[in-house]
Amino acid sequence: MSSEVHTRFNRELHSFPGGLELKTHKELTNSKESLRTPLPDKIILPLQQHIGSPSEPIVKKGDIVLKGQKIAQASGYISVPVHASTSGKILDIGTCQSIHIKSEQVPCIIIEPDGEDAWFELEPVTDYLSIDPEILQRLIYEAGIVGMGGAGFPAHVKLNEGTATAIDTLIINGVECEPYISCDDRIIREKADYIVSGTRMLQHAIQAEHCVIAVEEDMPEAFEALNALIDDDIELVTVPARYPAGGEKQLIKVLTGKEVPAGGLPIHIGIVMHNVGTAAAAFRAVTRGEPLLSRYVTVSGNVEDPRNLQVLLGTPVEHCLEQVGYHRRDDEAVIMGGPMMGKYIHDISMPVVKTTNSILVTSGFNRSREKPCIGCGDCVDVCPAKLLPQELFAYARAKDYEEVRALHLFDCIECGCCAYVCPSNIPLVKYYREAKTDIAIYEKKQAGYEHARHRFEARSERLDRIENRVDDRFDKIKTLSTDQDPVEEDKQSYIRAAVERMKQKKNKKKD
Amino acid sequence: MEGIFLVLISSALVNNIVVSHVIGTDPALVATQRRDVAYGISTIMLILLPLTTVIASATTQFILIPLQLQYLQTLVFVILIIMIVYGLRLWPRPFGKSGSEMFLPLAGVNVTVLGTLLLNQQQDNNLFYSFIFGLGTAIGFALMLALLTAINTRVEMADVPAPLKGPSITLITLGLISMAFLGFSGLIK
Amino acid sequence: MSYIDKISSPYIHSLTSINEVMRQVIFALVPGIIVTTWFLGWGVLVHCVLAVCFALAFEAIMLTLRKRPLQDFMYDGSAIITGLLFALTITPFAPWWVSLSGICFAIVVAKHLYGGLGYNIFNPAMAGYAFVLICFPVELNYWPIINGDNGIIESLKIIFIGLPHEGLDSLSGATPLAFTKSQLNGMVMLSEFSSGPLFGSLGGKGWEWIGLAFLAGGVWLMIKGIIKWQIPLIFIFILFALSLIFHGHDPERYASSMFNLFTGGTLLAAFFIATDPVTASATPRGKIIYAAGIGLLTYIIRTWGGYPDGIAFAVLIMNAAVPFIDNVTRPDVFGKVKS
Amino acid sequence: MFGVLIIFLLALISGFLISRSAQMTLQQDKFEAILSALPQTQCGKCNYSGCRPYAEAIVRGEADINQCPPGGEATIKTIAKLLGRQIKPLNPENGLEKDKHIALIDETLCIGCVKCIKACPVDAILGAAKQMHSVLAEECTGCELCVAPCPMDCISMQAVTG
């Protein structure tokens, strides 16, 4: 669309290995104004909408809460609080279906909205560029902000780690490489001022030297919107549209040419990355005091009016779909997230959470049956992590986890490029996920074995010690009476000693 | 110079001990089920074979032939191999810290070494060429082991019919490789 | 809804499939088959039909014996390709049972004993060819002379009844490669016979057109993205470079580069045999080593070995090396920490 | 005559060398790895008194690798890989692999005989004489060794999820 390079700083762009050129389908949604979703009948707020440990509820069933009120607190360092996204009554503190595993239930808080949408008392901070970075981090943490790109890593952790090490570059990621999704595009167009100010705020919070906002080549309107607001303090870069250019490691490679160490984090090479949505949310949280209560969600695919929605967290997916005209059909699946990495939703009553960037209705999975791998190597060519997907697959299926690990399974980002190109229709990502889960289970088991062994060895040692002590006693008795028959004497003295002890005990009891 | 090259190529590839002479087949079958064993035996062979061929060749040349005791050749060779193998084991850590020395008995007692010695005698190589021949044979053996081990790990995960799993499919593989190596026939007269 | 439960991301697919890939490869072979038939007579086509039928029959038998679903694997086209490649490498004068035994070995031993499509270590067509070449060297030695008048009836007679003893010389002759080899072994200088009736402007007379037809099919496959450029081009480059060096060194003893490229099965092998995805290396660096190895071995066997054309053996030897090559050429993972 | 002498001499030397070199078995160094692949339930289902004796038996080549029901397929696979053997199914004579179970004492029936406490190899049962016993669910390995000694048959194995 735009071949000229827009970089003001002339940043030299690099390319990442592998990747795909996908048909984006973003035109379905990216030119339409986003709509606010009306209040649903029920708000379901899972206590774990982020990576890390689940939050702990601090309200009771039947409590009346206000919009923005904290209803669950963080339970550890990598954890964030949860806030009520509207005012109403706590209907229940129960469980709802997990997005990740079908059978798993996760704890959640269910609110019945009272329709007033009455705000809790807010504490805005206006001088955000002059206050202490630690206070900023605290505010962002209290607002419950997590990475809004999809992974859901608590934002304050990235910021905290940022102050601990010298940060060279802060990257604000507006690269939406997955097809269909346009929520970042929309949020940039509609809230460009929030994002630019939020970026400056985050830069202050981690004291980064440079700051880059990256958008994709095929979003020129978003680029212009940002370009009008920024000065020379922020670089604005467009990157080529190539899946998965929006992946953290891939985008860093594209922008800086550096590779995040395998198994490491961007922070190890002095880089922190946040999503544009995170920047906007952080800005709102600080300047208006509003915690993270709503987000942009792209609703697209086979619906009447695909578009972006501003959805309150906890709104059931069903409710969002109703806004755009969804007719349930059996051969369609509803997916949370993009078509490459999203998760299939079994039950459309599950809620929109902090990491939901898209709800997609798709029928495009009429896959033929899985065939054996013919070793064509197409997957090797497209893998952005430079893995060998076909070998990983072979070993994962043979459940040879040692080898799978040696092939760097844990560097797989599950981008789905390999499965996309596979002529044998092998759901490679599924195999990798299963292998990862199995390895986790196996390790837990192995740790259990180790633990049991320690306990057993400790017990054996103790028993040995006791036996030895008994032997010692026998030896002592033996040396005392040498004139009598040793065995008989042993017995006698032992019995006598025992009788004596019993008597003493009885006496004591009487006393 | 050309002679060295020819002997080396001949013993390593054209007349490979495993697939052409079908002498090293037995250790190849055993060792290729596991990568570390294959590696260990290959290392041992690379040292053992040149050493034994030279010693055996010298023994024949300087002791057996002058004394006209060639008929004792095989027997002497067997004992020589045992001596060298156990002599090497006495050496403190002859192969660094690789732990390869524990494969010495396994390498020593199989027929590959003896076969190599006898083949060497058939060709009437002098001492230097004996060394080259031993080295070439060891390289060929190690190469085959490396290929077979890699193939085995792949075949292990394949949908091989149940009765053929394990050593049987390895033998079929060996057969197919032998067939492929027939392409080298006529390369060195 | 049960099938939906099994689905996992990604939910979109590039819409390529094995069947599609195999179909394209078969289409790409068609010009080669037509030109070969034109020059070598109807026997080529008869053998193609025979070999494909045998291949499908053995495939069906083995799938039934192994209790694998027929409909999935019968139509994937891999057996057809094996049959076609086998038929194109043997002489059209070969008796029918050569096809039968070769295909039997290819499908049963080289393919299904290893678990069928996707698991075979060795290229089935080449394994079958090497097998019959070793077992029946005499039968495979008679090649038709280019543009000899072989009607379809005659071809059928030759294949099913046998070569006539009288008039054999008027029908058959040596291939340019075999002829060159025997002449050179007889210490005849290349220049003395290279202008003979067997030789054309590029390679062997007629063979150069066959080669060009396969080249066209191969280029079409490359444009379609079915095969990648690495293996064919590197294979051809190595063969070309080696023959260039030796030809330049002693033009009387070593055939020219063009001759090496346009005779025998070089181009067929480059685009259709060496590129077989199952038996080729899958890693980027491995592909290069694999192709270079085939080129090197082909040249060595052709020039100094006992067989006139070494491609089948070269491919088989490199097939055996592929797992090892793959293991040692694993690419470094993204962001590998350099120690 | 010379020949006999030479052979005799050579044999003598080689005999000496063999006697000097320490006996080393291929599998000795695998002992620790095998032991840590075993589930450490000490259940004795493998016909050995515990995991350590079983591991020793495997190393000595006396026991087969498929005799550990609690470890099941995963353990067999690990050991097979360590020893370069073929993977084989669990020997049904030793028992069947099942999901993890832990012992549960029916506290209404327990008479406090401490027999189960003595039987537990990992000290996962708490209690004192004449007092009720209970199982530490975290520590129980599911070896079932406490089931048989109980005079009241009040210990049952309950499946655990996850």
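Per-chain residue numbering starts at 1, and chain names A, B, C and D are given in the order in which the chains are listed.
The working rule: contacts are C-beta pairs under 8 Å (C-beta built on N, C-alpha and C of every residue); 3 or more make two chains touch, one makes a residue touch a chain.
Keep in mind it's a predicted model, so treat the numbers as computed, not measured.
Using mean Cα coordinates as chain centres, the one most removed from chain A is B.
Looking at which of B-C and A-C shares more C-beta pairs in contact, the answer is the pair A-C.
The distance from the centre of chain B to the centre of chain C, each centre being the mean of the chain's C-alpha atoms, comes to 33 Å.
The distance from the centre of chain C to the centre of chain D, each centre being the mean of the chain's C-alpha atoms, comes to 55 Å. Mean C-alpha positions place chain A and chain C at a centre distance of 51 Å.
Between the CA-based centres of chain A and chain D the separation comes to 40 Å, rounded to the whole angstrom.
Multi-chain contact residues of chain C (touching two or more other chains) are listed as 115-116, 119, 326.
Taken residue by residue, chain D touches two or more other chains at no position, since every residue touches fewer. Along chain A, residues 372, 400 each make contact with two or more other chains. All chain pairs that count as touching, in label order, are A-B, A-C, A-D, B-C, B-D. Touching chain C in their complex are the following residues of chain B: 146-147, 149-151, 153-155, 158-161, 164, 169, 172-173, 176-177, 179-187.
Across the complex, chain D meets chain B through its residues 2-3, 6-7, 10-11, 13-14, 17-18, 20-21, 24, 26, 29, 84, 86. Residues 33-34, 37, 63, 67, 69, 72, 75-76, 79-80, 82-83, 86-87, 89-90, 99, 102-103, 105-106, 165-166 of chain B touch chain D in their complex. Looking at the complex, you find that chain C touches chain B at residues 66, 109-110, 112-116, 119, 121-122, 127, 130-131, 134, 297, 300-301, 304-307, 310, 312-314, 316-317, 319-321, 323-324, 326-327.
Across the complex, chain D is touched by residues 399-400, 402, 442, 445-446, 448-453, 455-456, 458-459 of chain A.
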